[in-house]
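Please see the structure below; I have some questions.
First chain written, first letter: the chains are A, B, C, D and E, and each begins at residue 1.
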Amino acid sequence: MSLSVSLRHSLPGFDLDVSFDAPRGLTVLFGASGSGKTTVIEAAAGLLRPDAGRVAAGDHVLFDTDARHWLPPHRRRLGYIFQESRLFPHLTVRQNLLYGHWFAPRSAARGELDRVVEMLGVGHLLTRRPAKLSGGEKQRVAIGRALLASPKLILADEPLAALDEARKAEILPYFERLRDETSVPILYVSHSATEVARLATTVVALEAGKVARQGTAAEVLGDPAFRPGSVRGVGAMLEARVLAHHDDGLSELDAKGARLLVPRVPQAPGQGLRVRIMGQDVTIALSKPENISALNVLAGTVEEVSPGSGPGAVVALNTKAGRVLARVTKRSAAALKLAPGLPCYAIIKTVSIAPQDVGG
Amino acid sequence: MTDWLGPEEWQAVGLSLKVAFWATLGILPLGIFTAHVLARWDFVGKQILNGLVHLPLILPPVVTGYLLLMGFGTRGPLGGLLQEVGIVVAFRWSGAALAAGIMAFPLLVRSIRLSMEAVDPKLEQAAATLGASRFWVFVTVTLPLILPGILAGSVVAFAKAMGEFGATITFVSNIPGQTQTLPLAVYSFLQVPGGEDAAMRLVVVSVVVAMGALVLSEVLARRIARRVAGT
Amino acid sequence: AALAGSASGQELTVFAAASLKNALHQVAGEYEAQTGTDLHLSFAGSSALARQIQAGAPADVFISAHPAWMDVLAQDGLIVADSRFDLLGNRLVLVAHGVDVKPIEITKDFDLVGHLGDQRLAMALAGAVPAGIYTAAALDWLGQWQDLAPRTAQVGNVRIALALVARGETPFGVVYQSDALAEPGVTAVGLFPLDSHPPIVYPAAALSDDADAERFLMFLQSDTARAAFEAQGFAVLAGE
Amino acid sequence: MTDWLGPEEWQAVGLSLKVAFWATLGILPLGIFTAHVLARWDFVGKQILNGLVHLPLILPPVVTGYLLLMGFGTRGPLGGLLQEVGIVVAFRWSGAALAAGIMAFPLLVRSIRLSMEAVDPKLEQAAATLGASRFWVFVTVTLPLILPGILAGSVVAFAKAMGEFGATITFVSNIPGQTQTLPLAVYSFLQVPGGEDAAMRLVVVSVVVAMGALVLSEVLARRIARRVAGT
Amino acid sequence: MSLSVSLRHSLPGFDLDVSFDAPRGLTVLFGASGSGKTTVIEAAAGLLRPDAGRVAAGDHVLFDTDARHWLPPHRRRLGYIFQESRLFPHLTVRQNLLYGHWFAPRSAARGELDRVVEMLGVGHLLTRRPAKLSGGEKQRVAIGRALLASPKLILADEPLAALDEARKAEILPYFERLRDETSVPILYVSHSATEVARLATTVVALEAGKVARQGTAAEVLGDPAFRPGSVRGVGAMLEARVLAHHDDGLSELDAKGARLLVPRVPQAPGQGLRVRIMGQDVTIALSKPENISALNVLAGTVEEVSPGSGPGAVVALNTKAGRVLARVTKRSAAALKLAPGLPCYAIIKTVSIAPQDVGG
């Protein structure tokens, strides 16, 4: 189900004017601190009544000020993960988790609770009250509570910020499954380029209350001008298909005919997936390198060289597998005489393709 | 120790407990509702409602009793109405409970309202996003969080109801076994020379009873608070 | 002793039973006009006033609604013994709800219980406030106190008893004659015989050997005062 | 309109305001302190202190007045002590303020205590880590956060002080210009035939005054709350 | 000033038993959600009274249960940045910032406020109350409030978690300066390997309430067995000195004789600094590569090959510049026949050395 958001709201000293349509899937709201992400989410949740606007998830219109339509929050069927957990202090973790369940018309199966508890690693905390949880534990329970409400729209405000890498790696696939296996639209605030790359169907970048950029994850991430957070986040996305899983823990992918080796992926052979290749992980060579530890070497031609304001430049390469972005120094670009049309090789280390960069 | 107090006095003790208990219980739902209205709603005339609630605190008790008599007496408009549904309050212990309840009402409402205003609306919002309607938000979030305030308010109300004198004697007079609560008995003793001892014995009884309620409420409140605070 | 700030004896504090308010206000006005003395009148229940005097209240004159509290003060040596006299008397009347009620002659044969039916009799607190004490005695004299006691509605003072009858909450009430006079909604249907209860007297006494106090007590027995008291329905005992 | 009430009645109005004002102001510091002790300290005998605070609520006002008379009368032990430092409360307006203050004390403490218990101790901890001693934490964090509760408690206390009757008349008698507050004047009028009208006029005055205080406090509380909630 | 921590504390279901000494500088507490980091910090702050233990910053002993010594929190001279901001709701941002200042014996100069406000980008918020701030804005004010208290010990519990990359990049140098230019010990909780690498003098890794590993940042990060958060965090640290700044935005460093080119660093020529080389950014080649965009090629020999549980292996290389860790696939390690003693080249892209990996 698609998500359609259009909002105007004035706060003293801050004006929000945001409008975007996103297809089925997960929409990441991206932007600096104070750019208005939470304000958008709160309006979608009905906790803030914007001056004007309309928010709809498919044909489920949450509100429309023109049509004088306003669903109260409890009729919006939401799963809202707040920026600051907001657990109910008088309820145990289990009761917190099941709170939305009480009000859901069709109840999620019992197995659902167990699965979510398992994924979040909060099984040993079920009888505790929130005051006795650590910061990350609270946040995990808050995630579970929202997911278990059988929502028709998931609103996630930096759900993973308080978690360590290992824990994030366990929870990210769950959001992927939600995105792909259900039709529930997800509006997801994140500062992390990794999460954007891995999860986003659509990226909406906010700047001071306005939409600065919007597009599919591939478009936005493939754009050399897009700097999610910092220049380090530049990276293109390739569509691929699993060919085989090898015994040494590597998976072989086919990206439009090009072969890629990546650390074992969960998808079965034949299944499609997408792989993000970070610009900084791509080395450009003019001759095919030999005796090198990097396993992936893609032949291609230079399409575009975009010098940045600093010492670097982003080079777009046209390879068989698709567009690949490489970040190199201006010095190297000059030394190698990189220019549109020049044939070259993109060297990509297998290990630099992190699990979180590979997603369904 | 039973002859420390005469049978009539023991009756007054029992009656006081009954009156205070039912007065407190009776005003609790309306008190919670009123507190909610005052804390969370916004409407014209809110200040008037607020004033009405506080009236029994401001008025001399005799006046409150007198007004009750006008309203709830057998010939009073409300009393007549009640009588038609079979409830008689005039000269009954139920009338004493009514008087005590009305006198205690502002104290109950204030306590609950203060607690309610301290509940973080963000939690109530969170509950709403999870599908809870206004009513269910109230029942599942607000109410449990204000339990300490309800308890505190109830105990103050109970104590006030145990001590209420002026409005009660005016409204339902002093009928042993029906409306002669402890304070009325104490008052009677204090009116005549030499009655101080008997009065003080009764005072000791009311103090003991009310202290019991107080300590009980403290223990309960502490348990609730500890649960929520997690310490 | 007078209130603080009055070294000159130009001020006088009188503690009086609350039911005397109207009459004493009138009397006080006259007295102040005549003597230039500043009178402070404090009205409350006799028991409260007596206790306050015991606790050192700065009163110069005490007028009680019942002899018992005056006796207590006398025992404690707090009054000037030979200044004490019975100032006023009163009568108990049976009042009935409504304006057009047949008078009743109250004798020992009078069946008050029967008249009440299943309703109550309004009266002041028996065994506590003076009116209640007298009423209980009177009903005892009728031989019906045992039966009537559970059927009474005893209130804090005579005025509320009267209000109960006036509003029809009870068909009958026993109150002071002085109170019954002024209430439009009730009819005084019967006067209790004088011997049906101890005499209702309001004793007055000076609390200090103060010339002003003496003078005021004298004034209370004057014709001016008598007129004022009688206008309020009291019987003036002093000077007779 | 000045002849709507006689000079003595106007005097009672003024006196009532004075008494209620000073009663409220006088118990405020002790009330805040007591609430703090009850909310945040832990010690043996806390329940006893708590009980003592509530005593005036439980006791029939006449008894409270009687005990005050015994303790603070010119012949009472405390009264004697006070007299030595030049303070006379017996039969003075200051005594009426004392009685009203004592009767209002439990209401004040309860309000403040409830607010105080609602203050997140985490904020107080944060203040402590920034160098604020217990005293300064209280002054800079706790106190501003409980202002609404203090306000609510003060208004209830003020209303109670305006309406206090039983303890006052028993303790300091009913002396016009000194101790005859509004409720006492109302009482005096109600004791004699024909006084009802005057009594009701006085009642109207007390209600108007107390409502004024109430509305004022609501407006203030709302302003404070809005500041903190940022809405 | 050194920091010495020793704590034992039992909570229902959780036992903390931690003891470490850290030299002058910044000590990072690292560990999964629920491993006890906040508990350690709270004990140091005096908000939690541990069953037993001692915490001292230099000779400033905060408490010592053996000696029955316990300084109340307000006498500890702390700058505690809480995991959940804890701003005073009734005070404006300015008043919040200056709160600790009121109680500091020697007051920080007025200029200090301006500098911190500038760094945190909260200048336009000074008259607002916290309820009107965004999540990240709150966190920034909380950081400022702690720093402005002229503390003798800074306790920072994930101070940057709620912030975007750009904002983090602005605040990190401030912590570096604090670490290097003042003698105030800093105890810093973080989940981010980047922050660890950039800031840590000492790293203390916690696991379920125990110290799992402890050492200098170089030791811990140079240990192939250390996996901060995930295997992606493996990376060694090199000590270097600035040689020159070039016009094309690069800085030339000297690492014990080896030349390194990195994006412009703030240090002046001649100053020392440290550079973190992430394992996944290092490619190993047997012959010296030519015509390649990577600017840094270090000659060395293989010292150790540690196969991981997955498809990868961490290879420790001994180079002139120091120890470098490379992450390669087991397949490449086999193909290149990597074994201790084998001479090889480490290829390191300049751009992959992010600003946050270079620190004073």
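To be clear about the criterion, contacts are C-beta pairs under 8 Å (C-beta built on N, C-alpha and C of every residue); 3 or more make two chains touch, one makes a residue touch a chain.
These numbers come from a predicted model, not from an experiment.
Asker: Which chains lie in contact with each of chain B and chain C?
Answerer: D
Asker: Return the chains shared as contacts by chain A and chain B, ordered by label.
Answerer: In this structure, no chain contacts chain B and also chain A.
Asker: With centres defined by CA atoms only, which chain is the most remote from chain B?
Answerer: E
Asker: From the C-alpha centres, identify the chain that is farthest from chain D.
Answerer: A
Asker: Would you kindly tell me how far, in whole Å, the mean C-alpha position of chain E lies from that of chain A?
Answerer: 26
Asker: In angstrom, rounded to a whole number, how far apart do the mean CA points of chain C and chain E lie?
Answerer: Roughly 90 Å separates the two chain centres.
Asker: Using mean CA coordinates as chain centres, what's the chain C-chain D distance in Å?
Answerer: 34
Asker: Could you please state the distance in Å, as a whole number, between where the Cα atoms of chain D are centred and where those of chain E are centred?
Answerer: Inter-chain centre distance comes to 57 Å.
Asker: Would you please write down the residue numbers of chain B that are in contact with two or more other chains?
Answerer: As it turns out, chain B has residues touching two or more other chains at 62, 66, 166, 187, 190, 229.
Asker: Chain A: which residues touch two or more other chains?
Answerer: Those would be 132.
Asker: Specify, in ascending order, the residues of chain C that touch 2 or more different other chains.
Answerer: Residue numbers touching two or more other chains: none in chain C.
Asker: Between which chains does touch occur?
Answerer: Those chain pairs satisfying the definition are A-B, A-E, B-C, B-D, C-D, D-E.
Asker: For the complex, give me every residue of chain C touching chain B.
Answerer: My answer: residues 45, 47, 50, 68-69, 71-72, 120, 122, 125, 127-129, 133, 150, 152-156, 160, 163-164, 167-169.
Asker: Write out the stretch or stretches of chain D touching chain E in their complex.
Answerer: 122-123, 125-134, 136-137, 140-141, 144-145, 227-231
Asker: In the complex, go through chain A and note every residue touching chain B.
Answerer: 45-47, 72-74, 76-80, 82, 86, 88-90, 99-100, 102-104, 128-132, 145-146, 149, 155
Asker: What residues on chain C touch chain D, complex-wise?
Answerer: Those residues of chain C that touch chain D are 3-4, 13, 15, 18-22, 40-44, 48-49, 51-52, 55-58, 157, 159, 178-179, 181-183, 232.
Asker: If you look only at chain A, which of its residues touch chain E in the complex?
Answerer: Against chain E, chain A makes touches at 11-13, 31-34, 38, 83-84, 124, 132, 134-137, 140, 157-158, 161-167, 169, 191, 193, 228-230, 232-233, 246, 248-250, 261, 263-264, 279-281, 283-287, 289-295, 310-312, 326-333, 336, 338, 347, 349-352, 354-355.
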